[in-house]
Amino acid sequence: MASFSYRPCGDFRTTYRDDSPLFDTRATRWAMVLFLGALYLLVGLPLMLPALADAPVLGWFADSYNLSLGIQFCYYGIAALGLNILVGYTGQISLGHAAFFGVGAFSSAWLNNTVGLPVILAIPMAGVMTAGVGLLFGAPAARIKGLYLAIATLAAQFIIEDLFVRLDWFTGGSAGSTANAVELFGIAFDNDQKYFLFALSVAIVLFVLASNLMRTRDGRAFIAVRDHYLSAEVMGINLTKYRVMSFGIAAFYAGIGGALYAHYLMYVSAEAFTILLSIQFLGMIIIGGLGSVKGAMLGTIFMVLLPEVMAGGVSLVTTTSWGNQAFLVNGLAFLREMAIGAAIILFLIFEPDGLAHRWRLIRAYWSLYPFSH
Amino acid sequence: MAGLLSLFLSVGRRAPPFSSPRIPWFVVGAAMLESAAALSVPPPASSAEPILTVNNIEVIYDDVILVLRGVSLSVPQGEIVTLLGPNGAGKSTTLKAISGLLRTENGRVTRGEITFMGESIANADPETIVRKGIFQVMEGRRIVEDMTVIENLRLGAFTRRDGAKAIKSDLDMVLDYFPRLRERTGLAGYLSGGEQQMLAIGRAMMARPKLILLDEPSMGLSPLLVKEVFSIIRTLNRELGITLLLVEQNAKMALGAASTGYIMESGKVVLDGPAASLMDNEDVKEFYLGGGGEHRKSFKNLKSFKRRKRWL
Amino acid sequence: MREPSSRTSIITGCQGETPLNWELLFQLLLNGLIVGTLYGVVAMCFVLIYKSTQVVNFAQGEFLLIGAWVCWSLLIHLQLPFILGFLFTLVFMMAFGILLQVVVLRPMIGEPIISVIMVTIGLSIFMRALVNWVFGQSAEAFPPIFETNVVSILGLNVQTAYLMSFGVSILIMVGFYYFFRFSRYGLAMRATAFNQQVAQSLGISVKRVFALAWAISAMVSALAGVVMGMVNGVSSALSFIGIKVFPAVILGGLDSIVGAVAGGLIIGLLENGAEFVDGQFLHWGNMLTVVPFWVLILILVIKPYGLFGTKTIERV
Amino acid sequence: ENPVFVGHLMDITGATGFVGKLYGAGVADTLKYFNTHGGINGTPLDVESVDYAYEVPRAISQYKQWVSRNHMVAMQGWGTGDTEALIGFVAKDKIPVWSASYSGHLTDPTGKSPRTQKSAPYNFFYGPSYSDGCRALAQWAAEDWKASGGQGRPKFIHAGDNHPYPNAPREACAEYATELGFDVIPPVVVSLKPGDFKAQCLTIKESGANYVYVANLGPSTVSLVKSCKTVGTNVKFVANIWGGDEATLEAMGADGDGYVFVAANAFWNDDVPGMALVKEIAAGRGPQTHHYIRGVCSAFYMKEAMEWAKANGGITGENIKKGMYAQANWVPKGLEGVCIPSTWTAEDHRGTMTAFIYQGMFSDGKVSVKKIGETTLPRRAEWLGY
Amino acid sequence: MSEHESILDVRDVSLQFGGVRALSKVTFTVKRGELFAVIGPNGAGKTSMMNCISGRYTPTQGRIFFKGQDVTALPANRRTEVGIGRTFQNLALFGHMSVLDNIMVGRHHLLKNNFLTGALYWLGGAQTEELRHRRDVEEIIDFLEIGAIRKATAGTLSYGLRKRVELARAIALKPDLILLDEPMAGMNQEEKEDMARFIVDLNEEWGMTVIMIEHDMGVVMDISERVMVLDFGQKIAEGLPDEIMSNPYVRKAYLGEDDDGEREVA
């Protein structure tokens, strides 16, 4: 959570404008721009020229499995970022984020299927609707604090989950509802390449918006409320407003994430938005780093890859002669779950400040190298 | 041993003229002050065996931030030693290094030795160190806010094994020292700053330590209470034979009470010696006592010039 | 519920017009009382850990689960007599609680609360998968130990084991209260809960306090798990109690032992009351699981620290 | 020869893992057996079995991955939720699926039935639909009511979670039960996860129900029966095809005496010619449940359809689907007496209308099962897809 | 407006916590531009008085007028707008924020951008506005000589610096009345001198009215214009510093002096 800022020597800022940057250094900014540009190119190329889809490097970027992971980064990452605004920045633990994610998914499907809004508009509108629900369930935050609030959000999770099955007209009840593909200027984003580019664009916009928010008035107010709400109040910050507002913003992000999810899977069902997903969201931001935009991103990557890596690792074990025991093979699925639990525990024990912190330390090490002390 | 101590204590305890709730606390304080003053004899020049020696320690926070760079000091048995220095010099860090609390803040003693009564205690557990007889009163009155005064005091006696009776009698003793605490029956979190400081010191007394590390005990106290606290410090030292290592900003009071003084700046001891000689040191006068000459500078007329800061 | 129109045409709402069924209501409430005390016991274990270590233990339910399964396998596979098996279970759980604390939670001392919460969630995921792997996902019956007689209290059939659990819960509750209020370690636990650094400065071994809290909590939870397992069978259902306990704990006030018991009772009664209204009049289905959560939010809005929780001191 | 890819979704760790691992093993063992015995007339199968933990989104993303990466031609599926969610996808991708969801919604390939919301041209399953299974139970219950001298209109109640699987037969079955002369009471919601269901049991008891249709499975069912015994509910439990088996009865102990459930194939100890093949497939395993055997049947129907496809233009999804229509009243070779003879047509995917009815018995601390009936329902047109 | 018009009027304010009477019927007036000190033994109710003025507590009785407006029931967060700012007795910084951001929080009520325009940063004018205020904040930073630590995380600073940052944050509010609760506690002589200099400048050059609680009598004597003494929640005395110092009750009850007349700097 500590916001050290390491800059290499010789990087002086001469204007206040240069001194309030999104990225710590000019180099990181360009690295990011280059990275994203390359990503668009590598994924976009095989899309234009299908012949390239089997080329060695491009093939990897055209692989729908890799892309589906990439799409997961985007929609989970957006939601995790929202949660980080609520938990990491404002200091209000929420165990109900999956429910908001679900509200976004169902809203977008409903807006498109029933109201008839085009998907491209349904997605942002779903964000707004979810923000409304977030404000509603966040309203108690005006009075409830700390762990009491955390458990109240847990209650919200169960209540909303129950409503998903109950509100037939909205969600399709226990059977769920279908969602259509995104369409823009007549192009349907119906395969993984196209959808990845779409989701990535949305994610970039939302990440930039959040970074901006955190360096301006309301963003600072969130952190102030977290760090010391009594003095924040004396500094003129309306505690109730900001506590509730951060629920709204978090829910907005969750809603957009959920909508992206819905139109990717093209099917929404209540079972997807359980407390387990809420926990995963929390895992993402804690592992990534609380109160850090970058942390939400890194944490999401970690949590999305974890099951994949664990599944791979565990099944690798069973290919060895000593690992190929009946009880191990039968327990594969359980082992994978256990490995996920264990990974979270070990991670928090050995890297409690999150990946973003580690990232900063590594960067500091290199930029100060060889004069590290 | 403990029994002996408590015997000594019950003799040493003053008759309780001030346990009457009618008498306002400040009158009591004043009375105490008088009696303390009557008892006060200048401390002997430090010749006693050191109970604690800190030898050239280095402390690092978070594996990177070097805060102490070779601090050495020694605290003679039965005396009061004071540690002065500007904010951020590392005084509290030194105390925490001694009491073992450094580890709770991700700090480590990376070099040097800390010896208490002949045993090395560098990097030992805080609880082991308390059991050995060192008790730290932390900066900023860290009392347990959601407990009552009495519960806080009983907590101070946590490590003691000498029975409920001895603890009870010490409890009474502490409450006699601080009669105001007797009246506060609510949660300690609602005590005023000064009350909390009294409680923190009282809690330390409950542990019957050999050495108390006091971190800025006078912070935020009214002048009367500051005097009171210092008289208590003297009394603890004299009557109970407790050795004290005292970190203070109020250099005048601290040097007045101590036999030896150390001055720290930027993680190093820059000056040390008998308290009396420190008080005569021009630099000490200038930077710690306010005004080198006979006349105290007025705070009002300082604004025109900017002094040099030696440690920046 | 789906398609009420199509359903009502087929399914006759035959209870719709009958007057209030007092007997059913009464039976449900009695059931709620008994279940509620068990929630209360588990809630106390939860509060114990919270109070002393500030850890919100999401793995509380797994303690019940593990305790019950261990006891079950001692009785079934090793054919131990009940008392012996039960004692072994307690010893095992004590060791287990301490081990858990030492290996997993000790390194977390001083980390932000939310990280610690996440670790217990990780533990819960891990332990549940492990238990499902080792013991399977089935439900198993305990061998009949005491004749699990069914006695009839005012028309409600109650398992004797449940009645026993009622008594045991009350004993435990009283014990807990005295422990915290007056014992040396009780005080130490509260101090540790307030601020670990302060506690350490007082010579309290934070490690020992933590280990103690986890050991007691694990043992008592296991006890509750065994009692429930004897009545309903041992299955992953027991771990779900861990979630049910949240509303109970929060309703009572996170740090209140009395509150935990009260909260447990309230949730028990509420569930059964909701089932009454739902089953007799509304037919919305599933009200018994969600109503406690609605009520939880409602009560918190009125009383932000639950019914008995201590208000945090806001002083500048 | 190039192998063809078959995806296999199973639930081992999820809410239905209790039976999921049994059925999943049946399918997996059989697919393995095919490969060691010549594949699809020489074409080996490339099989991936994945535990999706009964989570619909995981199933969907797994499905997408198989389609785009592995060029899947056919799939062995599992749950109601995921299968119904995939209806549209498999129809678009032309990939036939044999699910273990027997939801009535999957039986109308053309969508001509007015009840059908979505036609399911590429969905198959082996066995009676949930609705038909429940109808068979209702029919049995009506007879049982008469046989045991019951007076008046018996009461029938649905007890299950608010999930696609338990919900699937609810309305259809209630309609038929009403037709048979039952009073159908509003359903009670009982979680798919086990728990303490005494409150629900009190409601059931108070409602005066005579027959409780158990729509859940495994541990949840055990909890329900035990809780109801505890509060003294005096009813007969009749369970869906997944709700009764030896393991479940074992856990119920004495409380499971008289528990009735549906099955759709011969049991391990039955003396039928095809059981030898089942035992060969399950080599190394002990006695298996009827769920396992149904998994074997499901895989074998798929295999024979693939063989037909290979002989008639190649193993593609479309051809395999046609292969399912090539025979009538058929049982896969080698499984005679194990699977119920079934027929699929391009208009009707109800493979069979027959359901076996079994009952659990408990005596001297031992659990056993006994076949107490066999019902063949009429193939009513209005029941298609319902 | 005349120099000596009153800016703050506290009338008959009482404050009760359960059984504890923290304030009883305290009445006083602070004039515009004054440097007003409040002293009194620990637990006398000084901080409670501040809390009433800054809105943390609502008096159980009595009224508080600020610039003629009744602010008794005004929510704490609205008092920045009318012009009240404060520091805290126990440090109350935003520990994880940089010093700069801490001070920028003080500008909260002066900034117009919100979560929408803030997120759009370059488009809605938020950037220019932020930078404009940043300039003002830098001025405060220069004034308090904390330029070297502007990027440091507040929570890692030493005590004295933190106090200074807290003062900076309060100044950033641009208050007309600034309440300082023991600004010099825990400081050494030199730092006290710095702090005293800042307070005097604040009062004389920035024109802020200052109410200061302080136990260091040397400071109080030297820089304050008027002094009020509280004890047991009651106002004991009010007057010029010299008057107060010669008040026998104060000498005994607060300073704990004997009658030898020596002025003690505690």
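Order of writing sets the labels: A, B, C, D and E. Residues in every chain begin at 1.
The rule we apply is simple: contacts are C-beta pairs under 8 Å (C-beta built on N, C-alpha and C of every residue); 3 or more make two chains touch, one makes a residue touch a chain.
Just so it is clear, the structure is predicted and the values come from calculations on it, not from any experiment.
Chemist: Quick one: how many steps at least from chain B to chain E, stepping chain to touching chain?
Modeler: Graph distance in the chain contact network comes out at 1.
Chemist: Would you identify the chain whose Cα-based centre sits farthest away from the centre of chain B?
Modeler: D
Chemist: With centres defined as the mean C-alpha position, give me the chain A-chain B separation in Å.
Modeler: Measuring from centre to centre gives 50 Å for this pair.
Chemist: How big is the gap, in whole Å, between where the Cα atoms of chain D centre and where those of chain E centre?
Modeler: Taking the mean C-alpha position of each chain, the two centres sit 75 Å apart.
Chemist: I'd like to verify one number: the distance from the centre of chain C to the centre of chain E, where each centre is the average of its C-alpha atoms, in whole angstrom.
Modeler: Each chain's C-alpha centroid was found; their separation is 49 Å.
Chemist: Starting from the mean Cα coordinates of chain A and chain C, work out the distance between those two points in Å.
Modeler: 32
Chemist: Which chain D residues touch at least two other chains?
Modeler: Correct list: 13, 162, 167.
Chemist: Would you pick out the residues of chain C that each touch at least 2 other chains?
Modeler: Residue numbers touching two or more other chains: 1-3, 129, 132, 286, 289, 316.
Chemist: Where in chain B do residues touch two or more of the other chains?
Modeler: 190
Chemist: Quick check: in the complex, which residue numbers of chain A touch chain E?
Modeler: 1-5, 16-17, 20, 209-210, 212-213, 215-221, 223-224, 226-228, 230-239, 245, 249, 291
Chemist: Please name which positions on chain B make contact with chain C in the complex.
Modeler: 99-101, 104-106, 125-127, 130-131, 135-136, 138, 142-147, 151, 154-156, 158-159, 187, 189-190, 203, 207
Chemist: Please name which positions on chain C make contact with chain D in the complex.
Modeler: Residue list for chain C touching chain D: 1-3, 6-7, 10-15, 21, 24, 27-28, 31-32, 35, 129, 132, 137-141, 150, 156-157, 159, 228, 231-233, 235-237, 240, 271-272, 275-276, 279-280, 283, 285-286, 288-289.
Chemist: For the complex, give me every residue of chain E touching chain A.
Modeler: Those residues of chain E that touch chain A are 54-56, 75-81, 85-86, 88, 92-98, 101, 104-109, 111, 113-115, 117-121, 126-127, 130-131, 134-135, 138, 151, 153, 155-156, 169, 173.
Chemist: Touching residues of chain B toward chain E in the complex: what are they?
Modeler: On the chain B side, the touching residues are 24, 26, 29-30, 33, 84-88, 139-140, 180, 186, 190-195, 197, 216, 219-228, 249-253, 287-290, 296-300, 302-303, 307.
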